[in-house]
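We call the chains A, B, C, D and E, going by the order they appear; numbering starts again at 1 in every chain.
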Amino acid sequence: MVGVFGPRQSEVKLGFTDTGRLNCEVRYTSFAAARASKAEQGQAEAAAAQALSQALEASAQLERFPKAVFDVSAMVLEAGGADAAVLVTAASAALADAGVELHDLVSAVQVVKCGGQLLLDPSLEEGGAAEGSLLLAAMASTGEVTHMEVRGRWGDGELREGLELALGGCGQLRGAVREALLAGMEERAGGA
Amino acid sequence: MASTSTTATVADDVEAEAFKRLYPEQFFDRFLGEGVRPDGRPLGRARAVTIGAGAITSADGSALVKVGRTSVLAGVRLELIRPDETTPGQGQLALNVELAPFSSPDYRPGRSATDAVSGVVEKLQAALLSGKDTVLLNTLCVAEGKAAWKAQLDVYVLDADGCVTDAVLLASIAALRNTRLPLVRNTKEGNYVPARRAEEGAAGLVEGCPRSVGLGRCPLALTCCLYKQHVLVDPTADEERLAECAVTVVVDQGGRLQGVYKAGGKVLADAATLLKCTEAARLRHKELSGLLEQSLQMGAEAAAER
Amino acid sequence: METDAKAGPGPGSAAARARGRLPTQLRTLVCERAVLDRADGSAKWSAEGSCVLAAVYGPRQARIQREDAERAVVEVVYKPRAGLQGPEHKALEAEIRGVLEGVIPLGLHPRTSIMVVLQVIQEDGSVLACALNAAAAALVDAGVPLSSMFASVSCALASEGGLLLDPDAAEEQAALARFTFALPYHFDLTTKGAAAKAEAAEGGGEAVVSSAVLGARCGGDFSPEALLEALALCRAGCGRVAAFGRLSLAKSLQALGGQ
Amino acid sequence: MRPVELELGVIAQAAGSARLHMGATDVIVGVKVEVGSPSQGAPDQGRLQVTVEFSPCASPIYQGRFGETYGEQIAAAIEASLAPGGRGGGSDASSSGCGIDLSKLLILRGKTCWMVFVDALVLNDDGNVVTAVSAATLAALRDTRIPKVEVVTDAAGEEELELDDSPGSAWRLDVGGVPLVLTASQVGAQCVVDLTAAEERCATSGLHVAVNRAGQVCGVTMTGRKGIDSSMLLLMMETAQKLGPVLWEQLMKFLTR
Amino acid sequence: MSAAPVGKVVGPGDKVLDIPAQGTLRLSAGLTTHEGGVVSTKGGVLRSTRNGQYFLEGRQKRYIPAEADVVVGTVVDKHSENFMVDIGGPFNAVLPQLSFEGATRRNRPNISSGDLVYGRVVSAHRDTDPVLSCTDSAGRAAGFGHLKGGMVLQVSTSLARQLLGSPTAPVLEALGGGLQFEMAVGLNGRVWLSAPTAATAVLVANAIAESEFKTPTQVRTMVARYLSAVG
């Protein structure tokens, strides 16, 4: 489960930039995952924020918002595997929901290699037992990859296969997110 | 024709929105004059509540509570500790409330997340711990002087749309009631460790160790806003901002008051108003405790299935 | 500039309290005004074991982030006697700020900030009430306009069932419930008002204490009836605090020839 | 690729060190080993920590906080290539078969182990810093000697460590599985490797691919503000896979000489 | 109307008197009307002037500008059209460069930041910065303008009011009998003094500062003692 996002535009205080910036912040609830110390949690939060901004930056039409900053803040309520992927997907949906102009929705999936098999969207146990993992964030309509992280050793064919599987997953996910967004908009239009 | 009528309604919408922004007081007065509130509720009605006990499976106990649009997530994490020497027969309960960055437009990064909710923490602390019999800390004790549970209750305010205190208290109670304390095993070395599920019934289990957090009473809160001569039960954030005067009443299942708070403000509350607020809080308690039992039941069933 | 006044003993059963105090008796109050040179107004309010020093700065130009175009901003800083500020002190700050915002006509000084700094010097029960009274005295000393004066008194519900006015720390600790109320008051100096209270004590007539609550902070375990009883008792106490407050104000203005 | 120049043992105090020039890019890496306790999550493994710092004179942009965050990013990438189980991976190195076998660094299960600190300092940045740091790290790690330690149980049943200081008994880390991190960048519609600093400014995005000596991919991270087309992505990875073993051989030639 | 408790100590929120059925009531500092009565908003002593205006006399340190007050201010900034003047209130006051006697676009007063001016408040609305002028309503200097040399003394606003009031404050009367000095008193509690010798200026300053809590007789003996000490 990933918390909702409230991006908002705010005046930049750090000098002039001709394009907008994304300011990402990720927080885990203390009970989201078993973590030994506060420092470890902070490290995980920073790494997740870094990945998130990388994945989203390419999709937002930041050149249209000079001097602006979008604060994207996320809260991971419960980490049940593949949280980074869910984080990216949810954040992109929130950006779209906030009316920020995007090239396309970013959807992300995780694929793990487990005993020679490729598994899409692993659970926590599957992720723990994996020999290799692949996180892919892409804009599915153009096939543009915005973020990618591979760990573990991958054979030539395996990686290609994993990529294809992940891209397919991204496409599926994008359709689902798109529908959810449209439904939300319709509901709001109906309510007004 | 059709097109002109649409533009007219759009213009009306815009105007109403603008009116609300520019003259919030007049906007509000008009509604109250009619005896309704901007969201369509009568003055005395509280918002609908949903309680999801056991919402987070990775926590030892949890609850997601929504009061209207206000949503709060509470989770309990357990840890075995050696009890404090001054209180060998008691466990510990640590409270923490945090505001999620996206919960309120007033939130600014940089300011401490707990600063804005210090009042809430304080009331929660008073409701749960100061009474000595609300959370029964002795039920957290496993072996006197040797092992006890420390429950870390973290409450995250996900969306703050008024009455955060009420929702936080409700979620905390629900999460604590939802908490299942694992069995404890005494290892060969004399250390106490939580037993895994598979080890249930195995040797070395501590006899009669507690299975749930004992609650002597069940305090729940209700906030009312005083605005001019009106009493608004369970206000939204907009209403709270406008009224600038709120009375929070904490009441337990027997109708005994656990706390009455009024932090100044423009409107004075006489005895009759205070009684009205306490009465409303009692009614609300009845309503909520039914929901709470139901949700806990469902949470327990879901846990049993797993 | 220093004034003492013993609040008169009230009726009530003689339970054993420290120094033979009656259940409805306040501790001896002392109020010093204009104690700080740099502040725009200041006061030190003490009730035997508890003592709070209050300083008021302003109205002065508010910091840009805090500025409000339509009203003055009230800032309260509560410094505990020892150690750092905890969340409970932050909560007290918010509470005191709420009370002050209730009596200061904020619209009168837009774009300004009024800062009240409260330093607890001694702690022995009823500290919130003491802090509120100190803040009120300091605001008057600073000449910040107030729509009304207010007084604050605490009481405690003893485990035997009786109410104790102005409890000390030990009594608070042992109590089933603790109440603090802040009530607005004023004096009626008009001929009509004075005639109605012809027999009232010297010093401008008896204070008119409102029956409605400006701020309340009650915690513990109690019934609604106990709440009302406590309110009534505190109201009586506030009347005596008000009379004392006026006496102390008059003393401080003696040099101006006030009576 | 630009020619690579390598110096070993440049820091006398370190357990292993290397300095690498790649064009004008100049990187120095020191390895320090210490006895410490293993992390709770992995009681049967040693620990490895990588830090990358930029000298403020490496490039004007590294004055202030930027260098710190950029350094952390690179450190994370290198660390992931050396020990995939390190940060958030969850899998251990022995099963994935690349990087360093951290379990060799264990001395006493759950109690003591070797902690390896890799500190890289970028003296001059003329592009492709990640590859330079990665290659220098590999060289420095290979240069590293870890003293032999024996666990002795004394009469009271206490376990004690005995350190053997003689240089002959010290052992070296097996770096055969360590991958090199190559950066392939997209400039316009072209895939380019080993960019200079000026060229890097024109690149829209980059892919850091960790490749072992056999040309297998051991990790990928991405940088840059633009996305990469999937076909381009494959091309970039292929390029890196081809170049990886070449660079590896080149380095080995230096190291075995 | 005569029922007003003049000379009494009044606290904030007190009902001071009922609004009379007829006639006019003139209220000033510290008093407002509320629900059919005159209510005070500050602590102080109720006073009335000879023309029947009521006001509260308190010992306030912070100055809140009011229209027609005379003030001593320090120029803190110079803009193209205005001086910004610190008058001790919540906000700096605006002093147009043309509000001096004889000032024109070509002939501007030669004042720079750090200088003292004596002016009167022409506008003191709460939503805008106060505006000063160094002329009277007829455009003449009338004693206002740049204060050159001298020293500034900070006193409470009530003492400043006393010093400006009539009959002349006893301390001034007593000092004026034996010494030569110039002074300008601002209602913002700033008193500017200029005397031929520094010793005189210090003596006057001390005498004024000490006079606040003394009766007229005490003041006269104090001044006499000071004067004899100087010789």
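Going forward, a contact is a pair of C-beta atoms (placed from the backbone, for glycine too) under 8 Å apart; a residue touches a chain by one contact, two chains touch by 3 or more.
Since the model is a prediction, treat every value here as computed from it, not as a measurement.
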Starting at chain B, fewest touch steps before arriving at chain C: 1
Connected chain clusters in the absence of chain C: A, B, D | E
Chains touching both chain A and chain B, listed by label: none
Chain occupying the middle, per Cα centroid: B
From chain D, the most remote chain by mean C-alpha position: E
Of all other chains, the one whose Cα centre sits farthest from chain A: E
Two chains sharing the most contacts, counting C-beta pairs only: C-E
Gap in Å, rounded to a whole number, between the CA centres of chain D and chain A: 27
Euclidean distance of C-alpha centroids - chain C vs chain E, Å: 33
Gap in Å, rounded to a whole number, between the CA centres of chain E and chain D: 76
Between chain D and chain C, distance of the C-alpha-averaged centres to the nearest whole Å: 67
Contact graph of the chains (line, ring, star, complete, other): line
Interchain pairs in contact, sorted by label: A-B, A-D, B-C, C-E
Of all residues in chain B, those that touch chain C in their complex: 114-115, 118-119, 121-123, 125-126, 130-131, 244-245, 247, 252, 255-266, 268-271, 273-275, 278
Complex contacts: residues of chain A adjacent to chain B: 1, 3-6, 8, 23, 25, 27, 29-34, 71, 73, 75, 77-80, 192
Partner chain E, residues of chain C touching it in the complex: 34, 40-41, 58-61, 69, 103, 105, 108-112, 140-149, 184-193, 204, 245-246, 249-250, 252-253, 255-259
Touch list for chain B against partner chain A, complex: 13, 55-60, 62, 73, 75-77, 96, 100-103, 105, 109, 152, 154, 156, 158-159
List of chain D residues in touch with chain A within their complex: 39-41, 73, 76, 80, 84, 87-91, 95-98, 205, 207, 212, 215-231, 233-234, 237, 241
